[in-house]
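Letters A, B, C, D, E and F name the chains as they come in the text, with residue numbers starting at 1 for each one.
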Amino acid sequence: MAIVRGWRTPLCGGVILSLLFAASSLFQPVTALAADPSGETTLLEHPSASLDFIWIVFAAALVFIMQGGFAMLTAGLCRAKNVVNLMMKNLMDFSIGSLAYFSVGFALMFGATRGGLLGTSGWFLSGESYDVSEYLLFLFQVMFAATAATIVAGAVAERMKVKAYFLYSIVICALIYPLYGHWVWGGGWLSALPFGVGHVDFAGSGVVHAVGGFVGLAGALVLGPRIGKFDRQGKPHAIPGHSMTLAALGVFILWFGWYGFNAGSTLSALELRSAVIAVNTTLAASSGAVFSLIAIHAITKKLDVGMALNGAIAGLVGITAPCAWVEGWAAIVIGAVAGLIVVLGVLGFDRIRVDDPVGAVSVHGLNGIWGLLAVGLFADGSYGLYTTEGPMVVGLLYGGGVGQLVAQAVGAAVVFVWAFGLGLVLFKLLDVLLRGIRVAPQEEIEGLDVGEHGGRAYPNFTVVDEPPLH
Amino acid sequence: MAIVRGWRTPLCGGVILSLLFAASSLFQPVTALAADPSGETTLLEHPSASLDFIWIVFAAALVFIMQGGFAMLTAGLCRAKNVVNLMMKNLMDFSIGSLAYFSVGFALMFGATRGGLLGTSGWFLSGESYDVSEYLLFLFQVMFAATAATIVAGAVAERMKVKAYFLYSIVICALIYPLYGHWVWGGGWLSALPFGVGHVDFAGSGVVHAVGGFVGLAGALVLGPRIGKFDRQGKPHAIPGHSMTLAALGVFILWFGWYGFNAGSTLSALELRSAVIAVNTTLAASSGAVFSLIAIHAITKKLDVGMALNGAIAGLVGITAPCAWVEGWAAIVIGAVAGLIVVLGVLGFDRIRVDDPVGAVSVHGLNGIWGLLAVGLFADGSYGLYTTEGPMVVGLLYGGGVGQLVAQAVGAAVVFVWAFGLGLVLFKLLDVLLRGIRVAPQEEIEGLDVGEHGGRAYPNFTVVDEPPLH
Amino acid sequence: MAIVRGWRTPLCGGVILSLLFAASSLFQPVTALAADPSGETTLLEHPSASLDFIWIVFAAALVFIMQGGFAMLTAGLCRAKNVVNLMMKNLMDFSIGSLAYFSVGFALMFGATRGGLLGTSGWFLSGESYDVSEYLLFLFQVMFAATAATIVAGAVAERMKVKAYFLYSIVICALIYPLYGHWVWGGGWLSALPFGVGHVDFAGSGVVHAVGGFVGLAGALVLGPRIGKFDRQGKPHAIPGHSMTLAALGVFILWFGWYGFNAGSTLSALELRSAVIAVNTTLAASSGAVFSLIAIHAITKKLDVGMALNGAIAGLVGITAPCAWVEGWAAIVIGAVAGLIVVLGVLGFDRIRVDDPVGAVSVHGLNGIWGLLAVGLFADGSYGLYTTEGPMVVGLLYGGGVGQLVAQAVGAAVVFVWAFGLGLVLFKLLDVLLRGIRVAPQEEIEGLDVGEHGGRAYPNFTVVDEPPLH
Amino acid sequence: MKKIEAIIRPERVSVVKEALELLGYPGMTLTEVKGHGKQKGFVQQWRGSQYRIEFLPKVKLELVVENGEAVKPVVEAIVQHARTGEAGDGKIFIYPVEEVVRIRTGERGTEAV
Amino acid sequence: MKKIEAIIRPERVSVVKEALELLGYPGMTLTEVKGHGKQKGFVQQWRGSQYRIEFLPKVKLELVVENGEAVKPVVEAIVQHARTGEAGDGKIFIYPVEEVVRIRTGERGTEAV
Amino acid sequence: MKKIEAIIRPERVSVVKEALELLGYPGMTLTEVKGHGKQKGFVQQWRGSQYRIEFLPKVKLELVVENGEAVKPVVEAIVQHARTGEAGDGKIFIYPVEEVVRIRTGERGTEAV
């Protein structure tokens, strides 16, 4: 997905448009206003816009429901005693984040660029931005910003203060996400790198997932591990989540929403490549699930459902950047590697004593990077710069040379440094400001729900905290 | 959304259509039949209809899944011992209600009007109504009727007899909802009020939500409070719901479906205002959640997740009527007020000893009214009468004078009197007919599932009834 | 749905297309390539394709989420101790199955036919099949294949080894489903039967549901009943599922997805019959729920929610084949009969000691057959061969004579013999290969989660196995 | 010291608890149990086929008192407040207790109760 | 009066219950408990890392009988029906009971059992 | 034989268990219970209205030992490991046990413990 101002007119779209323009000249010409809040002018000048509006409104709705998917997945993978807290955070990162993105973030990301560094117009979607096309772009984009925000919830789960999380939500949606997003999708410097066609990221392996994953890593590090996660010898102890049905439901909902996430990132209904994108999305998720299961079974001899669920999401994250530029078999390979990465990541972070309760860093961070690199490897030259139009994106394996891979690697390095670095600064700062971003040990043991929220998630059930009993 | 017969041809749609008409005249002219069950003629005469069919079929599906959202939200906010009963009611209000709306309701609502009071054609969608456009309108509308019906389930939860609820479902879908709907959307008298542009309600703050909310209020009053809700001194006691994960899931699903509810109410893919509508929907929901949380935290110092979830839905209800006529910042204000209303409403109804287990009256009833009035305040004159075409809808704050606000207030008064009044009559009547619409106290204490349904929701878990233990 | 190569040009589509073709001739003619991976050529030659791509991508996403629906429904209707196992199977039948369908299945189903028996091109969607239209068809079709696969999970639940299930998933998606699918939708011999217009099945009552249902029956028979299901006297004992909220959620999600399943099966946005299809889908589901509830209440005097939920799905399965060819009232009748069939089926299979934990055989198998026959009875002649174009499909009750009913009966017989027969062979073979496809009795009693998966679904809750306590 | 163990209806717990507190016995332990006795179970249904629930939910209330004299008023209070007069009201059992220790302080005997 | 408390495998509850009813002892109370003894726990896995479940689910069956003579047949019936011969079969403990009260009627002593 | 019944904080179970195993007492039974004593409950909130949770989750640990001498070290170990010094640490009760039977083997008395 890349910035769209007005409606793209590729060759064939041109056919339709020129034709209709000819006809429209029979009527009184309507002066094109800069801002068209009713949509009348836009439709008149670009009749095919109606297709794009259908496409994006539904795609945005699909991306929205991913919030519900993340909520269920995170809840399912955490303990019952912290679930109210998690639901609160999941609801509010979207709610607070969308207001922040509306106020500031969208303008920073898609406003007129200042030197490729940041956007500077469109604050509060007001004035010239009170326009159906601007609102449409915002609609789709706000869902992406909120997705980045909610990814972090999993990595910092079960121990971060609510207030710290609320403040974090503002910062990621108003600053961290939009600025990096501007560099890739807003006409910024990364998209103009002099390697390959510049750094590209079709639907946000880097812009959304790696940003979320690495801010999450920073959060997990600043917070430290949950009580009981590592014993005095540093040996990791499993802290199982409280509901595998909700976790599975979360994965199915996320996968469903991902069709909007990836295919919708064409931003235009005239890009029939959407079919290839959706198929690649399907195959990579499948392959991620299969290969993470194979890997964990090889290591532990157990058919570990938590890992297979993580694997499906890993495959989805991995295909998010390359989805438009690769063929079906490549999507399977990309998903398979993603499945392996997530297994090694989860086990590896446990070994180096980073406590990421739901595996968010491995799933979104590591595989976000993998997705970016995969473009540089597998792009087959059949699709252009976010459209059918050239220059075509070609990766190393298809004779495109090392250029695109370099552009991807630069973007990957930048996203890591930016997200992890700013994440560290942010959480350290909040730690000072709020006298700790972590709840008191007693509250952590009792569960975060009883304290700050004054209520538990399942009052009609006897909830037992499994780990103290083993 | 307002009645559509044939396909609207605003200026620019006209461009497309006239063009295609010209072309179609090269072929043998096809006589326009009154009913076109295959869709061949409709497509030939209105090629852009194909866009509208895509738009409405998907939007209707989104509205449908709100049934699942309501089911999860209501279940989550009630006790485990009554959940089978609630699932039964949620499934059957749609099932029974849709058959009732198919038989009678749709004809009363959208049939040829008799004096602006009721429709009189299209029974059973047969004869002339066996037509793709009629079926399409029915598809979208039946989802709305069922939404109104299912809202009531929450207000009467945990104590109403199943049979009473089944009979109620028929009456609301066959009579209460369609008649009021006719007055607003079917060309009836409210839409023709001589104030402003007449009473308008874009997607049903009044027609759907206030109707459901106030019939629910009537039900809650006739039933009386649940055992244990108020003690002998009349002090309210909390009866916490059994699953905050399901409640949160319900809210995410509802919010998701609301994109179909509001944006789909354009009824035409050529109305690009859909983007503004979807953005407003997003912002109002976010703002509702944020401000209800702020309000309840100010009052109780707790980050009350149940209230924040209610607040998000409140914001959605509030923006439903004005979604097409206001700007982003206004949507935020509307949502914020909705968030405050729901907090005051829930606390207030507790104080006056009305037991509404899920807060349905505050969320849908009070905020339904608020949504109607908000049109009269915030409509900014950029959008017309359910289309881009004038007369434009202008509210008080945008110099439109008090006219539109009066039209909205009249509609609000009518919906309250109609829904609450008929609700009272209906439930009183059922109370007599069925020798009580409330289950026996013993059954209420044991839970409704064990008695009438012969089974509990969670047989593999030990379910405890929290309140008797405090 | 039937095979589509290139884009259909019905009369009115023709209007649009000829018009745009005329215009496009102003440009350099683009040679139609066999494979168009970017979609540029396809759009140029068939501008209306962009509508179809929107339509199918979203419809496919809706069908995908049915996987989540099946997961929740199956989980809800089974015991907590086996839920990890079920989630694993539900995730992996899609994941493994989609890779199998990509590799082999799709080519067998939609490749160039060899004598109407099997397709022989398009392996791995590579070469000529790396084409947006082929990918689009695959996208929609892979969801159908996976639906057939996942239906079986319910019938063999709580006792089949995971490995056996994985192998089964490959075989159904690579062979059983695609071959039968080829005969009906791929231009095969069943569609060319010399009765009526040949055997037709609009969205897969037979191709998807009966195939899944009868393979499931074979699985249930080869496995035998669960321990405790029948006592020494052969009396059936109820084994209640562990969550009615998840079961209900599953039904709502399935119903939602079914709009994509049925309406999407037009495969073209120019078929406005989609509105009728969606309405029929709604009415049949409603009627299935209502009539199954009436039936079970008549027999047992209980408002049995499990049966009503099954009834809604039964109605959906029943309408799947006839959805495009019947009127609203007929959909209600079809749903009502489906509701009765499912009640008799579930009680009947209990009586003959077939243990089908979720009722999959009755819901999908028996009603799959019913759906096929219903076309031969109720098709009203208003719609043609998967399009508006003739020959029209006319059933017995509309004066079409017995021809169509015969064609449907032949298809029904074939699907039963094929699915049940191959299912038996497959599971018997796996039984030999894997030294039993059933887990050890001790593992079955303890639950499948603790053994093979090394983890339980709900570690924070005390899970009790209800049946030993009654 | 004696232990008074009462198996009562779940819905009577709160009134019994209040009565015991009024008597000056705030310390008690509750367990969710399932019971079977004179009271009949009931028939449930699952997708059309029926099954019997034979054990009904009860709450076991345990209360250790300092001496034999305290038993009588406590038992009377429980009987009075837990009784509905219908089958299933439950039973009270009295056991000897040899020693009590308060974990917080290590106190023993009657002081620890 | 005596209390017979048996810690048994959850899956043996129904047969033990039937046997006790046949013996004429319908009244009993069940509690879901977790036990640890000779029987080893087992290893579980969570997203790749392993942990041990050391307490296994058991059911505690409590049955108060009128006198010492009734103990023997009851204990035998439980042993016979709860036994599988593998570690984890559980134990039976016998306690003295000083008094029994039926809440419904206020009856005391052996009549109340 | 004696039964040692300790009502302790859920979060202390694992350390207490380890201490008892070290002492040579692996056999024990745990029950999730709710308790009320000196420790005050706390206020919860539900959609704006407040309610009090008066019973707090505790774990009942039951351990039957072969004779009176064994009681002392066990009680000490429990007190030492379960104690936090704050209200709510719980109590230990000692009961006489008349007989023990191991279901697996039918052994009785001290051997069966």
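The rule is simple: a contact is a pair of C-beta atoms (placed from the backbone, for glycine too) under 8 Å apart; a residue touches a chain by one contact, two chains touch by 3 or more.
Computed from a prediction, not measured in an experiment: that's the story for all the values here.
S.K.: Give me the fewest steps it takes to get from chain E to chain F if each step has to go to a chain it touches.
M.R.: 1
S.K.: According to the touch definition, list the chains common to the neighbour sets of chain A and chain F.
M.R.: Chains that touch both chain A and chain F, as defined above, are B, E.
S.K.: Between chain A and chain B, two touching copies, which fits better, same or different residues at the interface, with half of the numbers shared as the threshold?
M.R.: Chain A vs chain B: different; shared/all numbers falls short of half.
S.K.: C-D versus B-D: which interface comes out with more C-beta contact pairs?
M.R.: Most contacts of the two pairs: C-D.
S.K.: Roughly how many whole angstrom separate the Cα centroids of chain A and chain D?
M.R.: So the centroids are 54 Å from each other.
S.K.: Tell me, which residues of chain B touch at least two other chains?
M.R.: Those would be 19, 51, 54, 58, 240-241, 243, 249, 300, 302, 304, 306, 453-456, 458, 461-462, 464-465, 469-470.
S.K.: List, in ascending order, every residue of chain F touching at least 2 other chains.
M.R.: Touching at least two other chains: 30-32, 34, 44-46, 50, 54-55, 95-96.
S.K.: So which chains actually touch one another? I want all the pairs, not just one.
M.R.: Contact pairs between chains: A-B, A-C, A-E, A-F, B-C, B-D, B-F, C-D, C-E, D-E, D-F, E-F.
S.K.: Flag every residue of chain E that touches chain C in the complex, lowest number first.
M.R.: Listed in rising order, the residues of chain E that touch chain C are 10-14, 30, 32, 42-46, 50, 57.
S.K.: Give every residue of chain A touching chain C within the complex, in rising order.
M.R.: 10-13, 15-16, 18-19, 48, 51, 54-55, 58, 62, 79-81, 240-245, 247-249, 251-253, 255-256, 259-260, 263, 269-276, 278-279, 282-283, 285-287, 289-290, 293, 300, 302-306, 308-309, 312, 327-329, 332, 382-384, 388, 458, 461-466
S.K.: Going by the contact rule set out above, which residues of chain D touch chain F in the complex?
M.R.: My answer: residues 3, 17, 26-31, 64, 95-104, 106, 112.
S.K.: Which of the residues in chain A come into contact with chain B in the complex?
M.R.: The contact residues of chain A facing chain B are 19-20, 23-24, 27, 37-40, 42-44, 47, 49-51, 53-54, 56-58, 60-61, 64-65, 67-68, 71-72, 75, 83-84, 87-88, 90-92, 94-96, 98-99, 102, 124-126, 130, 132-133, 135-136, 138-139, 142, 162, 243, 246, 249, 452-462.
S.K.: In the complex of these two chains, what residues of chain C are touching chain E?
M.R.: The touching residues are 445, 450, 453-456, 462, 464-465, 467-470.
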